[in-house]
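Presented below are the structures under discussion, each in the form of structure tokens.
Next come two complexes, and both contain chain A; in the first it sits with chain B, in the second with chain C.
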Partner chain A sequence: MSKSISLKHKVIGRRSTLLAILLFLFFIALSKQFDPYNQAQLANIATLLIAVLSITLLTGASGQISLGQGAIMAVGGYASALLVTRLGYSMWLSFILAIFVSALFGLFLGLAAARLSGPYLAGTTLVMALAIPSIAVRFEPFFGGDVGINVDYGNPPRWLTSFVGKISIEEWSLYVVLPFTALALFAVLNLSNTRAGRTWRAVRDNEVSAALAGINIGRTKVIVFVCASGLAGLAGALYGFRGLVGPSVYPTDLSLTLLTAAVIGGLRSIGGAIFGTFTVVFLPDLIERITSTFEVPGAIANYLPGLAIGTLLLLTVILNPSGAAGLNERIHHRIKKTISKSGGH
Partner chain B sequence: MNLRKPLILTVVASALVGSLAISSVSTAVAGAPGVSASEIVLGMQLPETGPASPGYNKVDDAARAYFDYVNSKGGVYGRNIKLVVKDDTYKAGLTISTASKLINQDKIFAFFGSIGTQTHVSVIKDINRRKIPDIFVNSGYSSFYTDPKKYPTTFAGLGTYTVEAKILGKYLLEKYPDKTIGVLYQSDDFGRNALAGLATAGLKFEARKTSASFIAGTQGSLGLASQIGQLKANGVDIVIIAAVSSATAVAYATAAQLGYKPTKWAVISVGADATTFQTILGSKGVPAATSAAMLAGTISASHAPAPGELDDEYIAAFKKINDDFNKGADTRWDNNVLQGMNAAYLATSALMGVGKKLTRKKLISYLEKNGSKLSSAAFAPLGYSKNSHEAFTGFWLGEYDASTLLVPIDGKRVVYTTDSAGGAVTVSNYKRPAISADALPKVA
Partner chain C sequence: MTSFLTAFFSGTAQGAIYALVSLGLVLVWRGAGVVNFAQMGQAMFTTYIASQLIQHDYSYWSAFVVALFSGAVLGALVDLGLMRPLTSRKNLKSLNSESMRTAIPVIASLGILGILKSLAGIFWAGEERGFPSPIEPTAIKIGSTNLAITGFDLFVIGVVFLALGLTTIFFTRTGVGLAMRASALNPEVTRLSGIKVGSVRTLGWAISGTVSSLAGLLVTPRTNLSPNTLDLLLIIGFTAAVVGGLTSLAGSVLGGFILGYVISFVSVYSAPENVFIAILIFLLLALFLRPQGILGSKEVRRV
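Showing the complex of A and B:
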């Protein structure tokens, strides 16, 4: 019995490793086709994907809703920026430590969140999203107020440029972010397919039956919050190093954008998280491209991306609640059914 | 979570979304980026939408109108000026992306007239390390300009908040020595810069008594009732506002609701545009006559003539160009339009001054050496030099009359000048050169 479980773990581990490496190579290959702006957008996707994965864990796997992931990103961002600017830590170390700081924050939040559910939890996390910028402004000498803390990835290091040739600042930002994205994907894939992941899903699907099965509901919820916060904090640190850690970098609508990406892609699917993140980052560019071709007046064009993403979100919730991933699965299923039917005749 | 489905398929589908968005890579241009034989491309970032946008979203249309006028007269050495504008909704996270787009896809020659202090903070370091000129920035935040070694390519488009607040503070202290003076400020660098200027002038405030603050951008959603209520409760006679126009409008409306009538309102100029003030109050159902009456008597400052001074030669020329060339959604002539056009006039002067062989380095060097000699509608010269990139070094003080026109206090325009540090406030003796008949800069 124990042998078969460890064997299964190995298989899952191998699969996660393979998928994480594939994602890494895929982003690199894609970036080679892109101009620097789209490379920066790709780095943006790689960063936000980590935060969306935290929602996939939190909401998709354990059924807890958070409208404040952007605020936890801010915690990670401020932690890393302060470590670098105040204590002179290296950027890389600060990213790792940001995971722990935000996970600790998630622990305290999780202790409260475990007692709440549904709209009450959503409300609490939304308040957090609104409150974090105020805290940064209130304690201005420490957090830098509205102006925030200037941090960036720096220029591409010489060892890299001598190895791969001259690269743009944008491409360098992608190289910084991507290893973390691959690691995050690896971690989430692994987590969701171990005992922990199964426990979370049991809690999500039916708390009473999970409790009857001997699962400590409160503890499980707190653990998910801690894991998701660690991921969001890492994303926040990477996001801040694009140029600034400050209140207007982590506004409330960042939290909503992340949730939108997760819902459009499919809350319970990791593939969906990737698709959703690509959509929310690239759709505005796509719309801008179309509107500039047709010379749509600015007064209309400026509102179109928000309108399009909002409509897409509404349509997803109404017509296809399981998101792009669910749709993909249904199509898959139907094709299979058709093939087996025609094969049977 | 679903592992059964092939993740790779999703990744490929995502790539499709991505690749659809890729714009065709622009062809490389010989010489400076953004400069070709027929065109000079400038880029601007501002809140076109969102709570901070009212009023400011007219600045780009006004600047473009002036550039179009220049283009209709043959451009700058045969090159048309093209202005590419990106909406950052006043959120720094987006400013970083739009700046990258302007640099990498629109291949701009220089950033021009970008609006917003906290948003510009997020990109100023990157713009400077790429050595891209960042000219006539529409922010009065002094830290951008007082140390050119830190930001060598960034040049101001507004006088600093510190200079303006120093001049305003000195006047108020002398004119109203017995009154209780309070301040309402947005708790960002704009607000804090203004507080620093007022403090240098000798005006100190007591937190939660004579000073009230709010987080920039929240005036629309949260209102300013507690702040105004606090000033009222503490018997503040004169309220200074250091905030954007939309917040000024909310402050006045809140005071009216609370029955609070301070002896005087004094508003830092970027937050005192009459049209924006009236438009915002109009959207809340306040008739124009009422909002004009609310604004009447308010003290503010300006470095340029008031937009309503139609007999001023610059105002007359710019207003005509606005009527003929502005294609924006709201072309009403006001301070935002005037500022946009004046900045475009100055940018055109600088581009002409550099000469035919336009490069980024030459533009920066030209502005440092000759910027202080460039004239515009302003009654004060630019303070550009090797040691400072501050813009207009002087302001005159006025009061809004019943027709929302800012008129000089006591009927005589006196321009005061000072620096962003501890220097004294003195009367300026600058004589503004006349505008040419065709409203084009004449630069040697």
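Showing the complex of A and C:
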């Protein structure tokens, strides 16, 4: 029995490695077809995907909601930007350290709110998201106030350009982000099949029975939030290094967009997270293209992406709460059923 | 001394508005187990309706009444059209875990918030506009000395106390109010005693919509009106509800006034920029020290 379980684990480990590598290659292949603008969008997707995965982890695995994942991204962003500009750390090291700083921040916030059942975490993270700009202004000499801190990915190193030829800044940003995205994907894929992942799901599905099984629920919820914060912090650091770490980069709308991506894709599915991230990044572009063709006045066009995303969120929740991934599953189920029926003749 | 009085009176007037917001949140939380993050979005929308009416030469008071009424309708619609169907579908696979059942309505309320904000932006353009008050916000004078309170502050305090008094009478003296309290306490038993729990819950949403609409009308003369103006009011109301106790109506009002004083004293004695940080610190302190709130009856489940 134990042997078969350990065997299964190995298989899963191999599968998640494969998936992570496949995603990596898929993004690179896709970027070769794109112009610099869309390459930058692709890098955005790869970055935001990490943050959406953190929501999938948090809500999908433990059932809690964060309305301020953007605020935790800001923590990671400021941490890495300060480490690079003040202490002269290398960009790569600062990304890794950003994970720890934001996880620590998540621990503090989690100890206050995540251990409680109820709307406390959702509300507290929302307050956090709205407070970020005024914290940045209040400690202006440190955080750079309204403007923020300028940081960037730098230029592609010589060895890379000599290897693949001249590459644009946008393509380089994609190369910086992708390894982290693949790692995050690998981690999240594996986590759901470990003992910790099973514990989290037990807490999500029924707190009382999980408590009876000897799980410390408060502690489990805080740990999930800490892990999710670490991921979000990494995403925030990568997001900031596109050019600027500042309050305007991490607005409240960002947090809600991330949540929307996770919900429309399906809160429990990693494939859903990928689908949702693509949707929320490319949907505004698509709408802009449509509005410019039909010459919709700017005052209205500005609000259309928000309207579309809100409607999408609401429709998903009403029609299909398990998101695109759930829809996919249902269709599969239907097809299987039909096949087995016709095969039975 | 003058700055103390200024802080005290403006804290009372602001606190009265926060008390309304927090009361609205707690009403829905007790009745439906949802924190309605769209609440101030609904209020923003009804305040825009009032503003449109006033621009078309209707009187302030008719606009006032229409806004309150549309607040009630909007609240009831959210419950009937969205929240009730959502929570009644327990057979869905993704809704079979208790935490997801609580998460889904919150996500739905965020969707409503997004839609209401964008619609307001599309209908009434995005730029800020002022909102009139029936009484000039100038300081009251006795002889030649200015008092630290304005006529508008007094108006706000008066209206809010009237509303709170009516709510108290409603909940303690009327049958419907009692039914609402009963169904918040124990819906199963209440249903068995012949009360339509669903309708009572919808009424809770409607009252919540009305009081938050009132809060919108009272706060916008000071803050101006834009699709995003009332976001701040929502998080202040949430903090007030947590401080006072999410399960207690009286606690929510108390929390509102406490927040009013905290914010007003911070902005008078420190700086207005520090208000956000003060709210955040206050919320975290409340969560660490007394998560069930000052008057919260039930112990928060710290499993």
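Everything below uses one rule, namely that the second predicted complex is superposed on the first by the 337 of 345 C-alpha atoms of A that agree within 3 Å, B and C clash if a C-alpha of one lies under 4 Å from a C-alpha of the other, contacts with A are read in each partner's own complex, and residues count from 1 in each chain.
Just so we're on the same page, contacts are C-beta pairs under 8 Å (C-beta built on N, C-alpha and C of every residue); 3 or more make two chains touch, one makes a residue touch a chain.
Just so it is clear, the structure is predicted and the values come from calculations on it, not from any experiment.
Chemist: Now for A:Phe95: first (chain B), second (chain C), both, or neither, which partner does it touch?
Modeler: Neither partner.
Chemist: For A:Ile309 in the superposed arrangement: first (chain B), second (chain C), both or neither?
Modeler: In the superposed model, A:Ile309 contacts chain C only, not chain B.
Chemist: In the overlay, answer first, second, both or neither for which of chain B and chain C A:Ala299 touches.
Modeler: both
Chemist: Based on the superposed arrangement, let me know which partner A:Ala122 touches: chain B (first), chain C (second), both, or neither?
Modeler: The second partner, chain C, only.
Chemist: Thinking of the overlay built on chain A, is A:Ala211 touched by chain B (first), by chain C (second), by both, or by neither?
Modeler: Second partner only, chain C.
Chemist: Figure out whether A:Asp285 sits in contact with chain B (first) or chain C (second), or with both, or with neither.
Modeler: Once the two structures are laid over each other on A, A:Asp285 reaches chain B alone.
Chemist: Between chain B (first) and chain C (second), which does A:Phe143 come into contact with in this model arrangement: first, second, both, or neither?
Modeler: neither
Chemist: Touching A:Asn44 in the superposition: chain B (first), chain C (second), both, neither?
Modeler: first
Chemist: If you stack the two complexes on chain A, which partner ends up touching A:Phe186: first (chain B), second (chain C), both, or neither?
Modeler: A:Phe186 sits against neither chain B nor chain C.
Chemist: In the superposed view, which residues of chain A touch chain B and also chain C?
Modeler: In the superposed arrangement, which is not itself an observed complex, chain A uses residues 133-134, 137, 268, 299, 302-303 for both chain B and chain C.
Chemist: If you look only at chain B, which of its residues touch chain A in the complex?
Modeler: 1-3, 5-11, 13-15, 17-23, 25-26, 48-49, 85, 87, 90-93, 96-97, 100-101, 103-105, 117-119, 121-123, 125-126, 129-130, 186-189, 192, 215-217, 328-329
Chemist: Of all residues in chain A, which touch chain C in the complex?
Modeler: Per the touch definition, chain A meets chain C at residues 59, 62-65, 67, 109, 111-113, 115-120, 122-124, 126-128, 130-131, 133-135, 137-138, 203-208, 211, 217-218, 252, 256, 259, 263, 267-268, 299-300, 302-304, 306-307, 309-311, 313-314, 317-318, 321-322, 326.
Chemist: Per the contact definition, I'd like the list of chain A residues that touch chain B in the complex.
Modeler: Counting only chain A, the residues touching chain B are 15, 19, 22-23, 26, 30, 33-38, 40-42, 44-45, 56, 60-61, 133-134, 137, 140, 145-148, 150, 152, 155, 168-170, 189, 192-193, 197, 201, 239, 242-244, 246-251, 253-254, 268-272, 274-275, 277-279, 282-283, 285-286, 289, 297-299, 302-303, 324-325, 328-329, 332.
Chemist: Of all residues in chain C, which touch chain A in the complex?
Modeler: Residues of chain C touching chain A: 29, 35, 37, 82, 85-86, 92-100, 102-104, 106-108, 110-115, 117-119, 121-122, 125-126, 231-232, 235, 238-239, 242, 246, 273-277, 279-280, 283-284, 287-288, 291, 300-303.
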